[in-house]
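You will see two complexes here that share chain A, one where it goes with chain B and one where it goes with chain C.
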Partner chain A sequence: MNAIKEAFKTVSDLWSLMVGLKVTGKYFLEPQRTVRYPWKAVANLDTFKGHLELVGGVKDIFTPRCISCGMCALACPSNCITVVKRKAPKPTPEEEKALAEAKAKGEKPKDKTPKDPERFLYDYSLCSLCGTCMENCPVGALRFSKNVYMAGYSRNDFQFDLVLKLRESEAHAPKAEPAAPAAETSEA
Partner chain B sequence: MPAELIRILIGLVAVAVSVGLIGLVMVWVERKVAGHVQRRPGPYEVGPYGLLQPLADALKLVGKQLFMPDNADPILFWLAPVLSFLPVLLLFLPLPLGDGLFTLDVNLGLLLILAFSGLAVLSLLLGGWASNNKYGLLGAARAVAQSVAYEIPLLLSVLAVAFVSGSLDLATVVKEQGTWPWNWNIMTQPLAFLIYIVSALGETNRAPFDLPEAESELTAGFHTEYSGMGFGLFFLAEYANMVVVCSVATVLFLGGWHGPVLPGPVWFVLKVSLLMLLLVFFRWTYPRVRFDQLLNINWKWLMPLAVANLMLTAFFVKLAQYAVVKM
Partner chain C sequence: MTRYADMDQVAGDFYTNNFAKTAKESSLILNLGPQHPSTHGVLRVIVEMDGEYILRAEPVLGYLHRMHEKMAEVKTAAQFIPNMGRVDYGHALAWNWAFLGAVEKLAGIEVPERAEYVRTITCELNRIASHLLWWGAYLLDLGAFTPIMYAFDDREKVLDILQMPTGSRLTYSYYRIGGVALDLSEDCLRSIREFIPWMRSRLPMYKDLVSDNIILRKRIEGVGVIEPELCRRYGATGPVARGSGINYDVRRAEPYSVYPKVDFIVPTSELKDARGRYDVRMIEIEQSLRIIEQCVEQMPEGDILVKGAPKPSWKAPKGEAYFAVEGGRGKIGVYVASDGGKNIYRTKLRAPGYSNLSLFAEVSSGTILADAVAILGSLDLIIPEIDR
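Up next is the complex of A and B:
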């Protein structure tokens, strides 16, 4: 009795073959999802997490907002960030005089060192894109880029100075809108 | 030169040309269908709609170096692809494309096709064995077990139609059927048609029964070690076998060249192409079966059903004969 029941079930299960054909037949007739890349590019790059990039300052968008505190380098699990601080500018003779006067009065001298980093070395080949650096940045000076199309020939091509990269983006950026749009990066 | 010889010569040339063309077109159709089923475009870069892509692939295959693995059997290794391709040419000869439009007039055409299609297994076995490769050997072993098993229900389902028509001559079988679909053998033998299609899939090693070349399990099975045109010949033979299988199905079950309005050969080609498209859709719809499942389908389902179908057919054919005699 059980064997007959099983046999009937097997035969009735054959209907699933038709269901399968219906699914593939439906997909066959529906429009394609593929975007033919060299001629068309996808528009939804907002969710893309590319390499790290520095955020420009409020006044000058091509100098980084970074204050060279080094929290990112400390937090990075892959040790792919090195922040090189700027040295204090050599004081002019008048400034030196003022400094000596202030010292004599017992005042603390004002630090004239610019806060933005001299170099922000970033090894993309080591980065795991975890975002810990962004979370630990006190001034929000880091973000993921939307650069989908980056490619290189050697490992060295993925070791950047992000300060330099930010400055270079000035040359590429159109005058009207400072933030590099997706269309512009797609050509790069 | 006798007329019969000229006819065979012309037929052979036509068959060789059409097998090459069919191979090219089928590669394109297969890839396009695969693409669209998965909502990709498929090949579209080379030529209009990617039509020249198979041609480019074929040129690449011809240009590739022919490799043979160490310690392989050189004679058997190179014999296998040739042996897989050559009998296929013969299979086309008795196929009637239209009324009187065939190369070889044999009154046992069906038998000839079934006999020579059996050689395909031998070539797979030789190729897998001579490769000196474990995957090749496993593929060959699978090919033999599968083809031997699936040949039986195939023969039995074909035999049922031969009983009804009373002939093994393909042209006679077609002539017994009528113009309209309800006059075709598929109406009297639907079960035989189903069994035939399933076992034909098994015979031609098409997905979902492509275990001899299962790429995810055996890399490429029996043709793992073949490069260039060695592989190309196996590939071409597979498509040619598909055409033969579909043509035989058309002749036996779908009324051959019969059809309303359009001329005979057009109907024949149309029916064969539709069947081929169906097989391509099967490939991209159904997942590959396990080997025990494969043999279970055959021995537990197709075989008993085919035998029962054959016995019922024989019974009714005999009954009809008595009825005719009584009248």
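Up next is the complex of A and C:
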């Protein structure tokens, strides 16, 4: 009786291996689940959170909407943002005259300095992509880019001026989509 | 001084030398890790061996210590959220939740109902991803390579879903004080609805492929028996405690959020061994799917962030609070004490993995080395969480 039980157990144990192999065989014949990366890209990149980028203004999309208030730099947990404000332009002699007159009348002169930042320094190597800066921005001038192909050779490649980056995007403006990875790899 | 004068001539570091003091004669002291593949990162275990058998084992921690608790002292509450995603890469959202739950409790902030549902759904999805990661990695430890391919196929789907609202795939920083950062879109909810039957259809395949496989059963059945009494002594929680027959789940024991409203069971196993812990985790995936299914149906419309949610410069009121959630590895507890200043004065993170690992020394003694690796894997250790 025991011998029969033993034999039955051995057979059922061996059968469990067959069942496993059946699964393996089934999946072996199925189409590939992975994406052959350099030739094909995955589809879900539109929700990807890449490095920060400045949002262009309503009238001129290559001038940042940013008002250089520095709230983002204040909120950042890793101190990776530095906003450099524009200096007031040197007034012309006529303006100086008008300024002196206004001062004599006791009026407060209106600040005509453009509000957009001169430089918006951003260190991507420190950024943890939490989005605190974005949420703290009063004018919605920051967003995450969709750039998944960000790579560089040195640490300096990840420290960039976002104002410059926004202006550079002008050069690539005619292209509706960023260069596909396929083109890059085939050249290499 | 004279005692340590010849220190540089002595082989081994402090831990090894300290460990070797009480070693028996003719026994072998072996160093597992910190760069061992089966230690999931940088855990180091010193073992004293007699032949193939382990006489004594001692885990050495601290190779991945990143001072998260200290960092909490120099950042405001909102600024500390990204840190929480990096404590435990497996179940990052549970850590997000534990910290924010403590801060919300301290400040008396009520989270909108929709945000609670969004939190539950994303946290449970993350739990599935965490268990799948464990499943693949554990079988990898045991010498089976292919299962991780199946696990990551499914895990990829979870990550795709979680990427929609969070934007990241691993180190989430998604919850905010008083809600969440972004609502679940229609697209996202549709993918979740599609994912649930898909994952359910995959679970029988997992059973056929691995769970019932005789090689795995012979490998883990009866290995690493942890008595409930031992679990209680070391404060082990999560699937480790439930695998030993202790019916303890923070979601049921100290209900928070919408868990009282959803119907799910807390799986336990009376086997007490590695097999029991394995079974518990596999059933937990099923139960998480059930929770998600119910939450997606019940989810009301509304805000996802409380009105007047705290800004990063917000100061937490004076006082202290403790909040615990159930993570993939056990009870995650965060204690915050604030003196009303800019930063929270003290944050204590209770990592479940730390308690779970502590009992390894006792469980592994007397087993063979190959079984010790099977026990270590069955505890589901994530080293960044243990070291914090």
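We adopt the following convention: the second predicted complex is superposed on the first by the 148 of 188 C-alpha atoms of A that agree within 3 Å, B and C clash if a C-alpha of one lies under 4 Å from a C-alpha of the other, contacts with A are read in each partner's own complex, and residues count from 1 in each chain.
What we mean here is this: contacts are C-beta pairs under 8 Å (C-beta built on N, C-alpha and C of every residue); 3 or more make two chains touch, one makes a residue touch a chain.
Because the structure is a prediction, the values reported are computed rather than measured.
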Contacts of A:32 with chain B and chain C, given as first, second, both or neither: first
Chain A residues touched - chain C or chain B, whichever exceeds: C
Partner chain(s) touched by A:23 [first = chain B, second = chain C, both, neither]: both
Chain B versus chain C as contact partner of A:131, first or second or both or neither: second
Which superposed partner A:47 touches (first chain B, second chain C, both, neither): second
Residues of chain A at both interfaces, chain B in one complex, chain C in the other: 17, 20, 23-24, 27, 33
Complex contacts: residues of chain A adjacent to chain B: 10, 17, 20-21, 23-25, 27-34, 36
Complex contacts: residues of chain B adjacent to chain A: 33, 35-41, 44, 281-282, 284-286, 301
Interfacial residue positions of chain A with respect to chain C in the complex: 13-14, 16-17, 19-20, 22-24, 27, 33, 44, 47-49, 74-78, 128-132, 135-136, 144
Residue numbers on chain C that touch chain A, as the complex places them: 75, 78-83, 86, 146, 150, 153, 160, 163-164, 166-168, 171, 173, 176, 181, 205, 208-210, 212-215, 217, 311-313
